[in-house]
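Look for subunit A in each of the two complexes below; its partner is subunit B in the first and subunit C in the second.
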Partner chain A sequence: MTWRSWLKLGLLLAPGLGLILVFIGSVVYIAIAQSFGLFSLSGESEFSLEYWSRMFERLTYNRAIGYSLYVGFASAFLAVLFAYPLAVWLRRPFPGSLTISAVLKAPLLVHGLVAAFLYVNIISYHGLVNQIMQGLGIWDGPHRLQNDSRAIGVLILQTWKNMPFALLLLVGSVSAISDDVLDAAADLGAGPFARFRRVIAPLSVSATQAALVIVFVGALADFSFQVIAGPVNKQSLSQLMVFFKGYGRWHDAAVVAVTLMGLGIAGSALLALVSRFILRGGRLS
Partner chain B sequence: MTRLNLNKILLWALFGLCVIWLVIPFTIAILWSLVDPSQPWTPDHLLPPSMSFYRWGYLWAHSSLKIAMFNSYMLAPSVAIVTLTLAMPTAYALGRINFPGKEVVKLLVLLPLVVPGFVTAIFFTAILFQLGLNAWRFGAILFAHSILFLPYAIRIMSVSFETVRQDHIDAARDLGASTFERWKVAYIPALKPGIMATLLIVFIYSIEEFAIAFIVGSPNFTTIPTLLFTNLGANFIRPNAAVISLILVVPNVILMLFLERLLRSANPALSSGKG
Partner chain C sequence: MKAVSVKNASMHFGDFTAVQDVSFDVGEGEFITLLGPSGCGKTTLLKMISGFLQPSSGIIEIGGKDVTHVPPERRDTAMCFQSYALFPHLSVADNLQFGLKQKRLLTAERKQRLQDVATKLDLTAQLDKLPNQLSGGQQQRVALGRALTMRPSVVLFDEPLSNLDAKLRDSVRMEIRKIQRDYNLAAIYVTHDQGEALAMSDRILIMNNGRIEQAGTPHEIYGTPNTSFVADFIGDANILDAEVIGEEGAGRWRLGTQIGELIAASAAPPVAKTLKVCWRPEKAQFGPGTENTITADITHRAFQGNYTDLFVMIASAPQRVQWRDNAVGLADSLTMHIRPEDIIFLEAIA
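Coming up: the complex of A and B.
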């Protein structure tokens, strides 16, 4: 390529890629710099590790890390766990399969806040679940199900919202596996589980990794489900970050933001490695 | 048990799940939005004792719903047009030019989707404060949304550019068409479904976006999701939240279904009427 071609290419990439790099690069840079005391909005800017060391001593911060990791990993695992059998079932079209697929993917069209509201309606103190349980005589009176301390509500919401996305990725990958390969495995005596373990799972590693990582990153950074349906005595990292920002504590918010990004990268790498190891029957390569 | 029978059983099981999954939650939301305040819906009633559109009218007249809808429906089309305009040159480069490092560029374009939304929102606000631009919130959110949704626009449009047929461009050139005319007859017909899909997907994502609208817009600039969030938190009144939820979700579902049809029909050979 001549310098003219490079110049033309640079000019073409500038409004799209250029803006993305400048904008996201600035956001990440400001977050990292502020976590070390720089770019102060309300005082002296000076390099310092103080914000990190103070944050490590905070119980709320350490609990938020544990809680966000729990929600992230559990949501990713549950979404893929429910999506996998459905993807295998919907691998080949049959009468009604398109309708099923559409119904299963419907939550993708529902905004997260609306999903949270719908869920809260169902499990509220006088909601449907309480009414049914009392009607069946299982419970004597209504139970408080909203904002449960184990974040079951948040996990249900995350799975409801993310399972269709995992399904979308997995169906594409599982459908691409040729019938000949599966028939050959069956002819060699492999039962349904063996076919899944030895053929389908290793051939859909990439889609599983993508699904796990995407759901994990989204759930790790969850704010709205946590605020509406999550436990009141725990905070997610996003919630903690918004809390610090609300009080103008930008450096503390930056420490949480950098933690969130770091955990996102580390957790994604771990999920990708572990899923590859398990689905390939104990081999990484 | 044959595969057909198994499918039938699973189909019915899934039908039951679908009722729990979608029908019941939305029916309850619709019923709550119709509860008349003269007779509240108490646990001893299966259905609201009195139903009316009072809440819809009340919210329209006495809350910031009108402002939120105006803001959202002004913002979303503006974001869609700005994003498409910004995405076109990069999409052209990715779709029509072969250059070293193209795969890296394709990956870098996805960066806005990797950084958590609230991190982007909070530290974008920090940048706005430092630049002294935090007063014009509409512009700030418009700018942030445009960049946030660039990955979708670039991806869709680069695929559209890839599918523009070289023989159509060459034929137009051989017949003496100028650059403008070549775009008109060879590029635009093939790009049309991609352009429509981009405009629609960015419009929907912008209407639904919460983190940036909440952090950058607070407290003065309200959109439909931020209004819903307020109504689900400190100001929780169930019938009001039901009305806003339905206002947020119903138009978007219809638009999404339309989008799916558009993406399916995004066959350049068909749309250009040739090939």
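Coming up: the complex of A and C.
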């Protein structure tokens, strides 16, 4: 391109990209700077690696990393796992399919906090689940389901909330595959699973990657589900960040925030790569 | 044993009937063409045979076995799609081997068949390319090759040459026929091109509105069409309303038509007293004859190279004549005759 077309492109992008760079960029920059002791809100600003080194020694921090990664990866995996068969099923319209997909998308309209409260109500000690299980005679007495230590509650909520989103992305790319192409695969001997593995999956790599990454980044930084339905003995990174902020420890909070961003990027790249590898049947190109 | 038998197959989409009570057989190594106008149900019928559509009623047999309820992946058919339906994410080589890998063929055998088909279809230089890097003709040949590598007992072709230019069409057509003979495959070939059907087929089934209108060898279909639809669809035909006036000896009838009284000779008697008859434009004989001598006014002429199309008026009925001898062209009228055996009885007029 000539310098003129570069200039034109630059000017066209300036209003949008400029805003993003200035606002997001400055926030990211300040967070990183704060994690190294700069931009202090209370006292002297001085460059220091101390906040990072002390943070690495904290058990709560290291546990929170492991826990948040677990929630992030598991949620991304589960959301896509449930969305895929639905996307294949809803690929072509059939009587009632519109209603079904509308109902499936309902979680998009319910705020996460509301959903978490509803969920906690249902599984509480005298909640619906306990009553049904006892009513059916499967359980003798009420079980404690709330805030379970393996964060199953959080995973259920994350999956419930994110699955419709993954579905939206996947339906788009799965319905773009022509009937003839799938018929051709069947004609050449591919049964339903082989059709999925050899045709549908490789042709929807990009959508799957997008779904995995977006769900992962959201769930990695989960706060509201964790606070209401999460295990009481574990903290997510967001929780830890809010905790530090609550005590006015801005530099520590910034370290956790930068950690979240770093993990978000690294985890996304990993997910994108691995999913591509798997869906392409063991090839990257 | 029959390679394929279709027995009373019908296909309804809601209120619409796409295929109605169709029955036919395909012998081993036989090349059958389904010929008919667009929308007459050809693709639907192929999809019923390959298993993508469940017939609303009727039975499909392949190799003597009832496969009506067998899914497509377990039927020994291979289809060459009208839209090619190549796998966009796979190279030409992987497209060609898709079915062979699914069959878990030994690598050596697979490579052998790949080489074989790539050579036959002139695709060796394209094996590493993706489908969107190929020309239409090359994509077409990949689609063809992908079906042929399977060596199924039946190959189904859905208008496979419709997107090729005329030259390429001729050569691919011959190649298809050759491969089909080499492997002794039964083939069902769908086309709306009558020239293609006449040139390629052992047998032609003419379809119209979801039914088989007539079945026969290319010669039978062209020489003795049963209905005006068939007569008009295959080749050119002058179709007339006729009334049988009387029988003139064995197998000869006197007819009253718009172009005057004619004598027709036919092994089969007319189906009704009033019926459609036709004669082919190239059957017109120059000069007067002992019977059916006609004088025609020439209204328009179109030089076609090896013959001239003459549009003529005979007693105010427009007819078409093909004249081999181009020199005749300049007169305003001509005298000709139609031999009685060239007048063909068609369906009754209701």
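Please note the rule applied: the second predicted complex is superposed on the first by the 268 of 285 C-alpha atoms of A that agree within 3 Å, B and C clash if a C-alpha of one lies under 4 Å from a C-alpha of the other, contacts with A are read in each partner's own complex, and residues count from 1 in each chain.
The rule we apply is simple: contacts are C-beta pairs under 8 Å (C-beta built on N, C-alpha and C of every residue); 3 or more make two chains touch, one makes a residue touch a chain.
Computed from a predicted structure; not experimentally measured.
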Task: Superposition on subunit A - do subunit B and subunit C clash or fit - done: fit
- [ ] Figure out whether A:270 sits in contact with subunit B (first) or subunit C (second), or with both, or with neither.
- [x] neither
Open item on the list: If we overlay the two complexes on their shared chain A, which of subunit B and subunit C does A:38 touch? Say first, second, both or neither.
Closed with: neither
TODO: Figure out whether A:253 sits in contact with subunit B (first) or subunit C (second), or with both, or with neither.
DONE: first
Open item on the list: Once chain A of both complexes is superposed, is A:65 in touch with subunit B (first), subunit C (second), both, or neither?
Closed with: neither
Open item on the list: Tell me the contact category for A:181 with respect to subunit B and subunit C: first, second, both or neither.
Closed with: second
Open item on the list: One more residue to check, A:17. First (subunit B), second (subunit C), both or neither?
Closed with: first
Open item on the list: Given the overlay on chain A, how many degrees, to the nearest 10, lie between subunit B and subunit C at the CA centre of subunit A?
Closed with: 90
TODO: Name the contact category of A:122: first (subunit B only), second (subunit C only), both, or neither.
DONE: first
Task: Greater subunit A contact set [subunit C / subunit B] - done: B
- [ ] For the combined overlay, can you note the least CA distance between subunit B and subunit C, rounded to whole Å?
- [x] 8
Open item on the list: Can you tell me which positions in subunit A touch subunit B when the two form their complex?
Closed with: 1, 5, 9, 11-17, 19-21, 23-24, 26-28, 30-31, 34, 39, 41, 89, 94-96, 100, 103-104, 106-107, 109-114, 116-122, 126, 128, 131, 142, 160, 217, 220-221, 223-224, 227-228, 238, 241-242, 245, 250, 253-254, 257, 260-261, 264
Task: Interface residues, subunit A side, partner subunit C - complex - done: 178, 180-181, 183-191, 194, 198-199, 202-203, 280
Task: subunit B residues touching subunit A - in the complex, by the definition given at the top - done: 4, 7, 10-11, 14, 18, 21-22, 24-26, 28-29, 32, 42-43, 85-87, 89-93, 97, 99-100, 105, 108-109, 111-112, 114-120, 122-127, 129-130, 144, 147, 150-151, 154, 208, 210-211, 215, 225, 228-229, 232-233, 238, 241-242, 245, 248-249, 252-253, 256
Task: Residue ranges of subunit C in contact with subunit A within the complex - done: 47, 50-52, 71-74, 77-79, 81-83, 85-89, 98-99, 102-103, 146-147, 150
